[in-house]
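What follows is a pair of complexes built around chain A, which joins chain B in one and chain C in the other.
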Partner chain A sequence: MTTIGRTRLADIGTYLAYGVICFFFAGPLLWLISLSIRTSAEIYVSNINLWPEHPTLENYASALNNPLFPIYLWNGLKLAVGGAFGAMLFAAPAAYALSRFRLRHQQLTMIGLLAVQMISPLVIMVPLYRYMDRVGLTDSHVGAMMIYIAVAAPLFTWMLKGFLDGIPQSLEEAAMIDGCTRFGAFMRVVLPLSLPGLTSAFVLNAILGWSQFIIPFILISRPGLLPIAVGIFNFQGTYSQTSTQILAAASVISIVPAVVVFLVLQRFIVGALMGGAVKG
Partner chain B sequence: MAHVVVSQLFKKYGELQVVHGVDFEIGDGEFMVLVGPSGCGKSTILRMIAGLETVTGGEILVNDRVVNDIPPRDRDIAMVFQDYALYPHMSVRQNLGFGLKMRNAPRAEVEAAVRKTAETLQIEALLDRKPKQLSGGQRQRVAIGRAIAREPQLFLFDEPLSNLDAKLRVEMRTQIKRLHMSFKVTSIYVTHDQTEAMTLADRIVVLRDGRIEQVGTPEELYMRPANRFVAGFIGSPTMNFIEAQVVAEGDGLQVAPAGGPPLAIPRSRVERYRRHAGRSVILGIRPEDVTNTWTEESRDRESAVSLNVPVEIAEPLGSDTLIFARLGGAEIVCRASGTTAPASGSTIRLNAHMDRMHLFDPDSGMAL
Partner chain C sequence: MSEHAVAGTAERTGSPHKRAWHLAERPLVWLAPLTLLLLITYVYPAIDVIRYSFTDATLLNPEYAYTTDSYRALIRSPDLPGILWVTFVFVVASVVLQLVLGLLVAMVLNRGVKRRLPGVSVVRIIILSAWIVPGVAAGIVWQLMFNEASYGFLNAILRGVGVSPVAWLSDPDLALWSAVIANVWRGTAFSMLLLYAGLVVIPSSLYEAASVDGATALKQFWYITLPQLRPILLINTVLISIFTLNTFDLILPLTGGGPGRATEVLALYTYNTVFRNFDLSNGAVLAVILLLISIVFTLIYVRLLPREL
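The block that comes next holds the complex of A and B.
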């Protein structure tokens, strides 16, 4: 076979693999959209038909008309943004210290941070609830946000450290020789240069916070405080007949902000994930 | 301008000692070069003088004031970094004026200083560009400009030319020398490149493993190296080192390379070396002192010894030719004038200018 032929075959293979992966991830999403535009009668039809016979936007109207829905959205936004902001406040100084100072057991600290990231919130569900209940922080956004911050801070620290490592230390040193204090050098040189990194890590963590389910599910039970991810789940019980189609519509609505943010800030987010991977 | 004294300077990182009690002094307006192989502590010493590293022991005095605990911003110094360290988010104009701005200089004064610096370095056309829009040479010019715009009392250079290509490096070297001659600001320059050290320095500090090997003018280091390390480090190609024996021959002395012909030691050196007769030594002679030409000095004093050496490889450089040959058991490099390279395997007649030879103790490496 010629080289060109071999290359073409390899290309076809690559696209096939893309297709399979795409179907794997997009399939459930398409199915969700399909469900969201069905009438309740069409939910249980046995033949698999992606496009329903009587498509309707009725379900979206029902979801949006639910008086709690905007509250869920607002709560979700509050927790996601607050959590990401709080995580940034803790992670930025930590990342700066890990990137700039010679610390004892530095490697161990970094691995420790990553190890925390590996613990699923499911594992700590029971002790977390009992602990937060004991200190009176259940059913409160502040309490939930604290856990959002604790969960997000390690990953945030790793990402920011990657960014800060890419900013040469000599820039700060030059600034200090030019007349800045260390803090001055941080504010005038490091901060402006790490803004893209901070922004992308913030956005990524806000998106992760937006889709957070377990933590608010454990800690919040008052409907008025629930974020969207848990709120939708509670939709199930609020309608007398089958509510799958409304649940699906609500889910689609809840995904939209995350998808929009991702598409708009795609470049930043990929940057955050790649931060530190390649020395620039 | 500043007078700098470094006294019994020590630096430790944890258990690792990298600078071992270093002493030297830099006069007002002097250009001092710290040179040595990587890991010799030269950059660490410079960074301690800048205030970017803490001092473990000893003192650094600038104009008789101990500056050990004074932060970098209050030392009135400027530093040019190896990677230029230009602020990427600022224009060239802002980079040049940053130091003055941080010192709350009036806007008009900042602008005047920026304009003057840009003129001196011929970078007026670049003032509104960002560093990433500049070439390596232009960046280096801006980095130097940022240092001179503030008119500090002490300039520090940390291997500023090592990221440039060979041609640009020579150009910038001349520019730095010219600037120093016109500003006469005390300067400390760190490099691992002995050519840079020799061409720029008023005096050179040669360092190895955190200790000073020798301090002196370029000529002193070249002509009278204190030990084998300095002799080998200064000069290119490096000095030939040949195991030999000092032999008494009547009134005179000879130095006999292992397996090679004995070479007469000039009369002027006989008294100095007489007590080493019968001892093993290391004979050091620079490639440029084993050549096919005569110097006036050698001819007058008859201190040149003729040698017939077999040629292994010849490398024509244009103006002259490097000849790799054998002297007894040792391989030596000679520098012959002319472009005609002798063929490998042929024998060539060269003159060893023994008035330029050096003898070193084989154990301590110290010059005898």
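The block that comes next holds the complex of A and C.
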């Protein structure tokens, strides 16, 4: 066989593989969407047509008309954005120090950050629940957000440090020679230059916060304070099998914001994340 | 964290804001907020978990006494071997599948990118979407896929081809494997990303030299790709092992740990012990086990990291 023929054949094989990959990864999400636009009658008809005979958006309306559902979404957004923003306040100066000073225990500090990231939030939630209970911060967004911030801060620092390492120091040094304090140079030169890195880390951590389950699941029991991740879990528990289509619609609503935001910025986020994971 | 440091660019200029300037030259000042945060929310609680594990504390009663009963009870516990076995199978199976699948996907994506085939980025986006789906939602998605009612996708297909439906989630022998599939669906993207990053930096001259020598694609994979990827494969293994060990939000909506205890992994068992049975001391012992496993994995990971951080 000619080389061109063989390459063609390999291309066809590659596309076959893509087909299988897409079926496995997109299939479940397409099925979820398919269920979410069915009428309750069609849920129980055993047809595997992705597109139902009588598609409807009613299930989305039903989900959103549940008085708690918009509150879940708002709480989820609040905790995710607040957590990522808070983490940024802790991570930015730390990442700056790790990138710009020659620390004697640089290696150890980075490893410490890594070690913290490896600990399951469940482990720290066991005692944290007790402390929070004692000071009355269970069932409160302040208490939950503190832990969101703590969980996000190490990854945020790690990603941002990698980004700062790629920014030449000459600009901030020039600013400092011109009379800027180090802090002034940090605020006016370093932070604006690291905006792409800040954005990537912020968005990824906000998405992870949106998905965060275990912290609010343990800390919050008042329905009006729950974020969406716990909200749809409760939905699953309360809805009967006959309203699976509404559960599916609710799940779609919970997935879409995270996926859309991520896809828009995926190249930056993945780059920043891999920079931290592979290069260190 | 590090207190002593050599200021990199200190003493370069006489600034009017002398005091603030000196303060800002100390790295500890920059690191202090994060250090304090992590001491309060991670280090102290982690130590406290260890302390609780040596008490008889419950979540309901603030009083407790020190004892090693919890450890003794755990060793004698009839549940523990089953929980550890389930956790082991779940982690090992998930990790192996995520490695194999992640590598296969990374390789076909890499090939597509090199050949500039149209549609590669769409495939990549689809895989990443599965990764970014919140864990609870992923659990619900797969609950609907495996469901034994008529809206369960897999059984609908089986019925379509005339095969009798399978009890994906209610058969104790199958439920764990169903959970593994759901976890692999969600986790493969991360594994793929890491391996892809490793693939693109393998010099193409290695492959060219091998083809000139007449090495088959299989041989090239075995003697070039795998050895070159070795460090990243190891790092990847550690990371996805840890992620899988800590998986909790996916299993809860999928099976709730059932049927029976067929899918109750260590993390879920810990949660149930503390927050369902209010048994803080026994739960703390389990949390200590989780903590120790994390530390061991971290140490392995650190050993594997090739360069200066």
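Going forward, the second predicted complex is superposed on the first by the 216 of 280 C-alpha atoms of A that agree within 3 Å, B and C clash if a C-alpha of one lies under 4 Å from a C-alpha of the other, contacts with A are read in each partner's own complex, and residues count from 1 in each chain.
One rule holds in what follows: a residue touches a chain if its C-beta (ideal position, glycine included) is under 8 Å from a C-beta of that chain, and two chains touch if they have at least 3 such contacts.
Source: prediction; values computed, not measured.
K.L.:
With the two structures laid over each other on chain A, which partner does A:Trp51 touch: chain B (first), chain C (second), both, or neither?
P.N.:
neither
K.L.:
Which partner chains sit in contact with A:Glu173 here, chain B, chain C, both or neither? Use first/second/both/neither.
P.N.:
both
K.L.:
State whether chain B or chain C is in contact with more residues of chain A in the superposed arrangement.
P.N.:
C
K.L.:
Looking at A:Trp210, would you say it contacts chain B, chain C, both, or neither? Reply first, second, both or neither.
P.N.:
Second partner only.
K.L.:
From the superposed pair, tell me which chain A residues show up as contacts to chain B and also as contacts to chain C.
P.N.:
102, 173, 176-177, 179, 181
K.L.:
Would you tell me which residues of chain A are touching chain B in their complex?
P.N.:
Answer in residue numbers: 102, 168, 170-171, 173-181, 184, 189, 192-193.
K.L.:
Across the complex, what residues on chain C touch chain A?
P.N.:
Touching chain A from chain C are residues 1-2, 4-9, 12-13, 15-17, 20-21, 24-25, 27, 30-31, 33-35, 37-38, 40-42, 44-46, 48-49, 52, 59, 104-105, 108, 111-112, 115, 117, 119-120, 122-123, 125-130, 132-137, 140-145, 147, 149-151, 153, 156-157, 159-160, 185, 188, 193-194, 197-198, 232, 235, 239, 242, 245-246, 248-249, 252-253, 267, 270-271, 274-275, 280, 283-284, 287, 290-291, 294-295, 297-298, 301-302, 305-309.
K.L.:
Note which residues of chain A are touching chain C in the complex, please.
P.N.:
7, 10-11, 14-15, 17-18, 21-22, 24-29, 31-32, 35, 43-48, 89-91, 93-94, 96-98, 100-112, 114-116, 118-124, 126-131, 146-147, 149-150, 153-154, 157, 169, 173, 176-177, 179, 181-183, 186, 207, 210-211, 213-214, 218, 228-230, 232-233, 236, 241, 244, 247-248, 251, 254-255, 258-259, 262-263, 266, 270, 273-274, 277-280
K.L.:
Under the definition above, what is the set of chain B residues touching chain A in their complex?
P.N.:
Answer in residue numbers: 13, 50-52, 71-73, 75, 77-79, 81-83, 85, 87-89, 98-99, 102-103, 146, 150.
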